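Note that chain A is present in both complexes that follow, paired respectively with chain B and with chain C.
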Partner chain A sequence: MSEQLQSDFDKLVKTSKFSNEEIQFKKNYLDNFIKKGFPNRKQEDWKFLDISQIIKKNISDLSYFNDYSKSNKIDPSIFVDGLEHNKIIFINGRIEKIDFNFEDQNKIEIINETKKDISFDYENSLIDLNSALTDKVLKVLVKKDYSLKKPLIIYHSTSDKIKSTNINLRLDFELGENSCLKLIDCFGYSTARSFINIFYNFNLEKGSILKNYKIDKFRNNNLKYSFNNIEQDNNSVSETFILSAGSDYFKNEINCNLNGEYSSAFINGIFSLKENQQHEIRTTINHLVENTKSYQLIKSVLGKNSKSAYQGRIFVNSKAQKTDGYQLSKAILLDETSEFNAKPELEIYADDVKCSHGSASGSLDENSIFYLMSRGLNYQQSKELLINGFLMDVVEKITDVEIKNLITNIIGLKQ
Partner chain B sequence: MDTREKDIEKLKDYKYGFTTDIENIKSPKGLNEDVIKFISNIKKEPKWMLDFRLKAYERLKLLKEPNWQKPKYPKIDYQDLYYYSAPKSMKDKPKSLDELDPKLLETYKKLGIPLQEQARLNGIAVDAVFDSVSVATTFKGELTKHGIIFCSMSEAIQKHPDLVKKYLGTVIPVTDHFFATLNSAVFTDGSFVYIPEGVKCPMELSTYFRINASETGQFERTLIIADKGSYVSYLEGCTAPMRDENQLHAANVELIALDDAEIKYSTVQNWYPGDENGKGGIYNFVTKRGLCKGNNSKISWTQVETGSAITWKYPSCILKGDNSIGEFYSIAITNNHQKADTGTKMIHLGKNTKSKIISKGISAGFSDMTYRGLVDINSKAKNSSNYTQCDSLLMGNKCGAHTVPYIKNKNFDSNIAHEATTSKISEEQLHYCQQRGLNPEEAVGLIVNGFCKEVLQQLPMEFAVEAQKLVGISLEGSVG
Partner chain C sequence: MLKISNLNANVENKSILKDFSLNINPGEVHAIMGPNGSGKSTLSNILSGKKGYQVSGEILFENKNLFDLETEERAHKGIFLAFQYPLEIPGVNTNIFLKTSLNAIRKARGEKELDAIEFLKLVKEKAKELKFDEEKLNRQLNVGFSGGEKKKNEILQMSMLAPKLSILDETDSGLDIDALKIVADGVNTLRNDDNSFLIITHYQRLLDYIKPDFVHVLMNGKIIRSGGPELAIELEKKGYESFN
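And now, the complex of A and B:
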């Protein structure tokens, strides 16, 4: 692995215009990654789904080099219909288009950087890999008191021109005081088998609101890893919704630091998995000061040979009195071969807190099916209706009506 | 002062902290093949037993001490421990209690465990383990009438080698984790129980463990076999003197329930927890595992964990037989600088298996408590279910309470439900109690006892009373 990585890294350095300082900086991260290797099940966070094994099985050896000096053609069929939006388009890991036509250009700033430090402690070697191999780090700055009029959709797509089997990309967002950003990540169709490694860093200043919706709906053979780091100041709110259904493997990881009083974080997720899919959500919410709140709801519907895992961790610092933390994960197993794993974790050092978690898993309730069938539905219809209701519960948590409708349609749920 | 307060006053200090001045025979210090041979030799063990130990020791050399647990501790020097220590008077086993060293009798009397049968009001048979040897087992005659074997492990190896050979190491194999393997290599004594087919054991069986000698590790091994259709309730209690050093206690307990059998295993663990600055105390690293081997069998663990500097144990159930049931009830209390990482594992392998976990954790002072549990429903375990509830109560903001459950459901016919809460005693509840004339400490005691009730009521009568008192005492000084 390391020889291929080293030679691909050299090619990347040759084709890009990095300064010497930047090259050295990236080299350090590369060395870190080579030292650590891909995470495996020996690490607690990767216990349920071992990414090094999964990559080995699906792609065998990864190749890492993408020529970022050549542009790719944008296929307009990937665009979301029926919702006016701003766009950032990534094709094969290269930024092809940035379009903020709906917004006041003075209120948004987009900065391209290459060298970008990581401001928090981590053990995750995939972040090292990301930092070593990303082309540019795009930084989106939303200025004070500005709310974006339309949501921003980030399209992640791959074309058949792709040479490598690994894509790394990174975006930074800075939300000024009392600003608001609605961000949708759309993961498109793909025939290629590649490992996509995404890293977002959010900084929420006082009173700002972030709504992030990740939509991975269309069946594809990609292996994806997405890491969101969210730093929150006083009164800020973050809402994350994850629809995890399309890729062969998808792990969404969210690390949220509630640094300011009265800040709150909401995470809602749906796994809807079939044939051989393996997905995971891992969250860490760090309550670091008084009066913070977090809420998490994760639901899984698991078909044949599929596997989902949820690892949720609520950490409460000894200073963080009056914390309110809640976590609920539920799963419906539809087939003998489906598997659900959960590790809801509480780590609490303050006494005046209200923290709880719950987890339930099992098959569809036979009594409910009987009830529906006795009212004239057939077995399949009853099953679908129950699953519809089960998942609708999570979609209902979306606070933006327009986006809620969009997502309801994408999943194919009935209101 | 009313009686309760007097009780508390009397018990404020660790009342079991005395030492018995008694002459000991010790093995040479350190861990090596010779020491293992020494232990095996002094216990006059047959060759197969020595081979068992040596096999474990070979394996141990390859193993590393686990380090994933929450409470960290300074490195233990395994070469600086005595692996065997026994009162000298035990060398030629006394035939009856009359021949037993009076100092030993005195010790147990002081601990509230009189060994003379006539002195016991209620019929509980006791096996008393002092450091590395079992000193006495009571009510043997009565039990033999029913065909029940209740004796020390050493005696069982001599007298019932077939049973021991057949079952020892079947639930906790010699190739298990570090501490279990260490125990397999150097275990000294413990209890052996065999309940024959169809027999309901007429009295509670109990073992009382006492660590006395310094620089000694206690490695006891208990094996309980409940044959088809039998029932037994087994109690375990433990204390140790107050010492500045940390002492290691690494026991293995194996339970085997055959068809339709039921084993109820209760523990009140009150090892010396160290002083209020966290100096000294016992490291309680115990492996307890039960195997529901037969259909319709049941194993139930109940534990009240109040002592030890560090408690690190997960009494587990392997539900192999169809329709078998596993239960786990636990109260863990940590105060001062105590640390606990405890919970259970329920491994569902058979059809229609059920398990229930109720865990109550209370942490006060500077202590740290973790519930760690595993519920694993195998793909063959059709129609199984699990219910888990773990609640934590925090007193003060210097302590921590953590919940780390692992949930694995591989069977679509099965249900797992897990609930956990963490909170403190609410001001309203305290106010209500105080308004009715209780002082703050009594009010907390009352609320905590209510919090623990679900578990306390699972304990046998006599233990329940003791446990209830212990709950109150362990939290002494943490309110205010």
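And now, the complex of A and C:
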């Protein structure tokens, strides 16, 4: 791995315009990654789904070089219909288009950076890999008191021109005081097998609102890892919704630091998996000051030979009195080969807090099916209606009506 | 309409119904009364096609062998069971469920399916008749409904689907007097020369409002006595033990 990685890194440096300082900066991360290697099941965070094994099995040896000096053709058929939106389009990890036409241009700033440090402690080697190999770090800055008029959709797509089997991309978002951003990630559905490593860093200033919807719906052979780091100041709100359904492998990781009083984080997710898919959501919510709140609801519907895992960690430090933390996961196993893993972790050092967790899994309730069938629905209809209802419960948590309707349609649920 | 002959039903080798026979003709209202564990709910489950029972004997519904029909096919043919414990179905909107159910049955009967407007008109009308809070039609099916609301919802479904044979499994349990009257009114409105009812209950009270043509006493899986409405009054006075 390391020889390939080293030579691909050299090619990247050759085709880019990085300064010597930038090259050295990236090289440090590369060395870190080579030292650590891909995460594997020996690490607690990766014990349910071992990414190093999964990559080995699906892609064997990765190649890392992408020529970011050449542009890719945009296929407009990927665009979401029926919802006016701003766009950022990534093809094969390269930014092909940035379009904020619906917005007041004075209120948004787009900054390109190359040298961008990681502001928090981490062990995760995928962040090292990301920092070593990303082309640019795009920073979107929403100014004070500005709410974007339309959502921003980030399209993640790959074309058959792709050279490597690994894509890394990074975006930073800075939400000024009392600003608001609705961000939808749409993942493409290429048949090419590649490992896509995405890192977002959000900084939410006082009173700002972030709504991030991650939509991986259409069946594809990609292996994806997405990491969101969210820093929240007073009264800020983050709402994350994850539809984890399309890729062969997808792990969504969210680290949220509630640094300011009355800040809150909501994470809702759906796993809808079929044959041989393996998906995971891992969250860490750090309640660091008084009066913060977090809420998480994760539901799985698992077909034959599929596997999902949810690891939810709630940390409450000794200062964080009046914390309100909640997490619940539920799974419907449609086949005896389906597997769901839940690992709730509550680490609480304050004494005046309200924290709870729960997890339940089982097959579809036969009594409910009988009830529906006794009203004239056949078995298939009854099953679909129950699954629909089971998942709708999560979609209902989406606070933006327009986006809720969009996602309901994308999933194919009935309201 | 319904002809049950020598029905035996076992659950895990425990005999629940023993040589049970009953005839219900079009337009008749039959009440089955019995103590806990006498086999009342088993009977209603078997008529609706619930799995998990070992059965022998014969049940004919309009001369068709009921055992050949799946649960949904029985509903299509006009059998309706008002559940003793209606299930809560999270995430499923009551209106959408009702429309799916009604149209599945209409389709099976070769009738035109109702569009959204026709459906809403009908459901609002029926809800009003039953004093069923319209706002609840937009809520998740039975979720957070009180016991009485759940039972009223069963009667609303019955009245929407207009079945030929309605089985009411202890619909009166958990109802206050006002709700009991509304439920009874719902049944009485639907009652005509073609529709039949099988009312399963512990108490005579419901039968003050829905006058049965026949009353049967079920004990240990067998009908031990049949008679007219007066039998229910006698039962209420003397208790089940005196019949044993």
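Quick note on the criterion: the second predicted complex is superposed on the first by the 415 of 415 C-alpha atoms of A that agree within 3 Å, B and C clash if a C-alpha of one lies under 4 Å from a C-alpha of the other, contacts with A are read in each partner's own complex, and residues count from 1 in each chain.
One rule holds for everything that comes next: contacts are C-beta pairs under 8 Å (C-beta built on N, C-alpha and C of every residue); 3 or more make two chains touch, one makes a residue touch a chain.
All of these numbers come straight from a predicted model, not from anything done at the bench.
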Query - First (chain B), second (chain C), both or neither touched by A:373 - result: second
Requested in this report: Considering only the touch criterion stated at the top, classify A:154 as touching first (chain B), second (chain C), both, or neither.
Outcome: neither
Query raised in the report: Is A:381 in contact with chain B, with chain C, with both, or with neither (first, second, both, neither)?
Result: second
Query raised in the report: Which holds for A:196: it touches chain B only (first), chain C only (second), both, or neither?
Result: neither
Query raised in the report: Between chain B (first) and chain C (second), which does A:389 come into contact with in this model arrangement: first, second, both, or neither?
Result: second
Query - Contact breadth on chain A, by residue count: chain C or chain B - result: B
Query raised in the report: So, A:89: does it touch chain B (first), chain C (second), both, or neither?
Result: neither
Query raised in the report: Is A:338 touching the first partner chain B, the second partner chain C, both, or neither of them?
Result: first
Report summary line: chain A positions within both the chain B interface and the chain C interface are none
Query - List of chain A residues in touch with chain C within their complex - result: 365-368, 370-379, 381, 385-386, 388-393, 396, 414-415
Query raised in the report: Can you list the chain B residues touching chain A in their complex?
Result: 68, 379, 392, 394-424
Requested in this report: Would you pull the chain C residues touching chain A in the complex into a rising list?
Outcome: 48-51, 70-72, 74-76, 80-81, 83, 86-87, 89-93, 96-97, 100-102, 104-105, 108, 140-141, 157, 161
Report task. Flag every residue of chain A that touches chain B in the complex, lowest number first. Result -> 44, 318-319, 321, 331, 333-363
